[in-house]
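Common to both upcoming complexes is subunit A, partnered first by subunit B, then by subunit C.
After this line comes the complex of A and B, so read on.
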């Protein structure tokens, strides 16, 4: 008995070792039943359907006007290949891109920062009437853009920032976006701060830190993943906004990229190549933001 | 350096539906300078709330907390000169060990940076974490994190040191080791300390003085041995000691106690101690029950061994009176003494070792008689 048990495992282990590899490859093949094949086929078709507009947009952006007229949208840009549409679109959109950056970066940062501060006050500081304020924040998340357009226009014409300075309109838009972004940022930060160990804050209080110092030294550094989430979200929202910009901006020099892209489409009605290139240029920053903050974003999502 | 005094401290929480819950009820305690007080009780007994009121993290509903001659009720935590170690350690995860330990000094004192460095380094040396100063808490083991948490508290050189279940996240072996280390540390620092725990072993082994809380009310304050041998009431008797004291509901019939299982003759002086009370609970510690193979003298009873738990140095023997399904009681005997389940033994319950409690109030009417000097002389 003892001899058997000591000698047997060795050859068995070897057999298992070889067998595992075979099993795996065979297993993969075995699982490819007709149903599976149909499923993968269907999924591939869906991928193609979703990507085809993007693809045809990209091919169009690299085609000359002639090539655009003569080839099908799905055909790759081989004969009439040109980067001119990109250059044209870039030069047309350049000032609007700058306006958009000047608007979006501070607006996203400010709304995230204010949201974080508000959420800190709503979770880690105890005061009366907290619940009511929270309800107001929650309600504000659901206010539709369309509902505030008219009062917003009236409000800013009463304030009259645009009369003080030619760039005033852009500041109006910036403040509007910050205000509109605070509720959702607050809610996002609030759920994050609720999971933050309360004993950390208490330890800092015992260590002698004031409320402001606790925020600055403890809460803020621990909020970085959540800042990535809110910054990406706010950046995308504000960058892509068309409606507020349309209502608040009247001076062409202040146009943000969404408005200018629209103007580009209007002015060059037939030049789809330039329009496609312009659309890609306008979308590029949001994609870059995802790539830059993606890792932190994933971290924030799972926390 | 000063004494910490709690006078009739009460904490009432108001729930959202308006219900009031008294978490801490009229607690009065004095912790002398350099004294190690362990506040012990089951979960939810108000011990942590009491600690948090001392720290200033919780407001005081009524009563007074004084540090020396100063009433600290309305003072903010940072003004109280108190340091606390949290159950979760609450180390700042984004800071290094050095930054964690310096933070309090930076925030609450105007100590120059070089002196902070010096203080932190010497505290870290003392705790044996001198080589971990540049690490982040996540890179440390539980025991090391524990030391950092202690270090963060001691660099502040506080008047009062508060510890909230600091060992509960450590494994058993490390816990035993940290127990002695903490004790030594507290002796070196010589500062008034309140240590909160639900673990009666920690309370017994570490405390100069134990305060036992139940349902927000202080049950007894005394040295560990006082609480063990002279419990003020049933709760203390059952809470302190492992395995816990055996209890038998008993009625007094003249000079005899009558329980469901046996009768127990009482000496005159014991009877005198009982006064008018005759609805009683008889308590006896497991180690006071003597097991014999035969015998029929006074206070000895025929029992059957139900279960034996060998602990190595001793055996916990669960005994029943005849009927196998009757509730068992436990006796602790020497580990070399072999007893087996099913065996019949005679359990002797010596009268000097019994405790008697009034059943309705739980108050101790008679505690075991103690002659510790006699034991010491006999041994050496």
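After this line comes the complex of A and C, so read on.
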């Protein structure tokens, strides 16, 4: 292929498009046209823009109080390098990280499981109301949670789990997250179950298998890729939630990491290095999940 | 009714087959379901019953927590409940809604909510489309670029609010340091302190967080356009710009609609970011309904007024979700 001076997409240029291309680097560089160079320049400038808040946070998190006041956030932490902000933030956030894990993992698993069961019940069997139920679920995905906060607080204060046990608030929050996670999980599983091959299930029905048996033996094993997508979606959502936790948790010992991070930022308003280190620590689990399961994350986001 | 039945059949390719399977007790069945209405109906009902353990518990939870709570919230908004104690469900009043037009804080936050909704949604779509078009040009390391642009979506708003309050800090933050560095001191404002810039500062940070989402929605749309559409346009001699404007972008309509609904609904409830940056009382320059509602109910214990503001928010969301859910339903996309 000859050098292309326009900015037309070059069909031979990384056709698989997944960036997984370690061959033919030499030849490729030789083919770069001015238009392609401008394209990559633009992409790299955008990378710098998108990473700049993380970059300024990271450099600052490694600087001592004096150093971050005197040097620009653009400067790497060479003078006055310290890991103290990380240690301070970690010791402040440790209990809240544990609370977040104890809340997020079971809530994500339960909402995914309920979503899968509901989607199966609404997809692979036929009755007329299912479309109405699905419309209700779809609308529930988008409802602003402000519209339920006051009743939610009333409801849980009437149930009074927090009076029974000091950890009761966390259980209330867990059940709340499961309930509000069901609609999106159902919609995600539903779109997947519609693509499943119906013949297998049909054949099993003809053999007289019950719906429960078909679910266990056929649908559940086939759902594993979708469970990955849904679990990652729910893990990220619940870990990152702030509003429900703010309304339902009053005992500091039960604070999840988003609440405790906000409290930390409030109490150390002038100490940006501890705030930045704390933000990274609080975000670490979701960043790891994102980096390890990027494809599934993107799938969950686009429904 | 007929179209409803058709769309239901489309929803459910197995419908006839399943019904037949039950009638036939396992032996070859070829009967037409429609000819045996009564029997099929009864069998459908039994299908309904058998599937209940699967969908009923989750549906009951959703009905209770989502729809029950919404209805309860509407009821509370009519009670005038405030302070300690319990709401009085015997006395209903429209007072909460009557006081809204005179409440300057409410008006300011309604205005900010609409401004945020429009500016944030349109800018995120434009930036996201731009990213998608760049990333779609058969570039190397595409997945790396995509991963970086989408990364902010994995972060909690609490985390991003903390990063951005440092970005915007005056005079030490990255933005103002950079402006000083390139000789544009005149533009280095106190972004979060100056009421003129607060809302814009929030919108920019939220665009940073959500444009990657728009990018992947648009990328999925772009990837579903058949290659021959590009080819045909090119054979017609269309320039690149025309190709995108006339051929590609019109085909991204459903991506745009889907992303717009998600962004708008998010904009209505963009509570976390503003609360973490500015607290419960961010001032009229950046107050939005989601924050006002929380402040009235949970800080001032004006429960009924908070509930009434929540009803307004819900109604706004409904004007966005309603048509979307309805068209999805009509198209049989559910």
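Just so it is clear, the second predicted complex is superposed on the first by the 243 of 303 C-alpha atoms of A that agree within 3 Å, B and C clash if a C-alpha of one lies under 4 Å from a C-alpha of the other, contacts with A are read in each partner's own complex, and residues count from 1 in each chain.
Operating definition for what follows: a contact is a pair of C-beta atoms (placed from the backbone, for glycine too) under 8 Å apart; a residue touches a chain by one contact, two chains touch by 3 or more.
Quick caveat: nothing in here was measured; it's all calculated off a predicted structure.
> Mind working out whether A:115 is in touch with subunit B, subunit C, both or neither, as first, second, both or neither?
Only subunit C; A:115 stays clear of subunit B.
> On the A-aligned overlay, A:217 touches which partner chain: subunit B = first, subunit C = second, or both, or neither?
It touches subunit B, and subunit C stays clear.
> Is A:98 touching the first partner subunit B, the second partner subunit C, both, or neither of them?
Neither partner.
> For A:197, is the partner it touches subunit B (first), subunit C (second), both, or none of the two (neither)?
In the superposition, A:197 contacts subunit B only.
> For A:276, select first, second, both or neither according to whether it touches subunit B, subunit C, the two together, or no partner.
Second partner only, subunit C.
> Under the stated touch criterion, name the partner, subunit B or subunit C, that contacts more residues in subunit A.
Of subunit B and subunit C, C contacts more residues of subunit A.
> So, does A:207 touch the first partner subunit B, the second partner subunit C, both, or neither?
In the superposed model, A:207 contacts both subunit B and subunit C.
> Touching A:87 in the superposition: subunit B (first), subunit C (second), both, neither?
neither
> Shared contact residues on subunit A, subunit B side and subunit C side combined as an intersection?
Residues common to the subunit A contacts of subunit C and of subunit B are 202, 205-208, listed in rising order.
> So in the complex, which bits of subunit A are touching subunit B?
Counting only subunit A, the residues touching subunit B are 197, 199-200, 202-209, 213, 217-218, 221-222.
> In their complex, what parts of subunit C are in touch with subunit A?
Interface residues on subunit C, with respect to subunit A: 4, 7-8, 11-15, 17-19, 21-22, 24-26, 44-45, 47-48, 50-59, 61-70, 72-73, 76, 87, 131, 134-160, 162-167, 169, 172-174, 177-178, 181, 208, 212-213, 216-217, 220, 240, 258, 261-262, 265, 268-269, 271-272, 275-276, 289-290, 293-294, 297-298, 303, 306-307, 309-311, 313-314, 317, 320-322, 324-325, 328-329, 334.
> Enumerate the contact residues on subunit B facing subunit A in the complex.
55-57, 76-78, 82-84, 86-88, 90, 92-94, 103-104, 107-109, 152, 156
> For subunit A, which residues count as touching subunit C in their complex?
For this pair, the touching residues of subunit A are 6-11, 13-15, 17-21, 28, 39-40, 42-43, 46-47, 49-57, 60, 68-69, 72-74, 114-115, 117-118, 120-131, 133-140, 142-155, 176, 178-180, 182-183, 186, 190, 198, 201-202, 205-208, 210-212, 215, 236, 239-243, 246-247, 258, 261-262, 265, 272, 275-276, 278-279, 282-283, 286-287, 289-291, 294, 297-298, 301-303.
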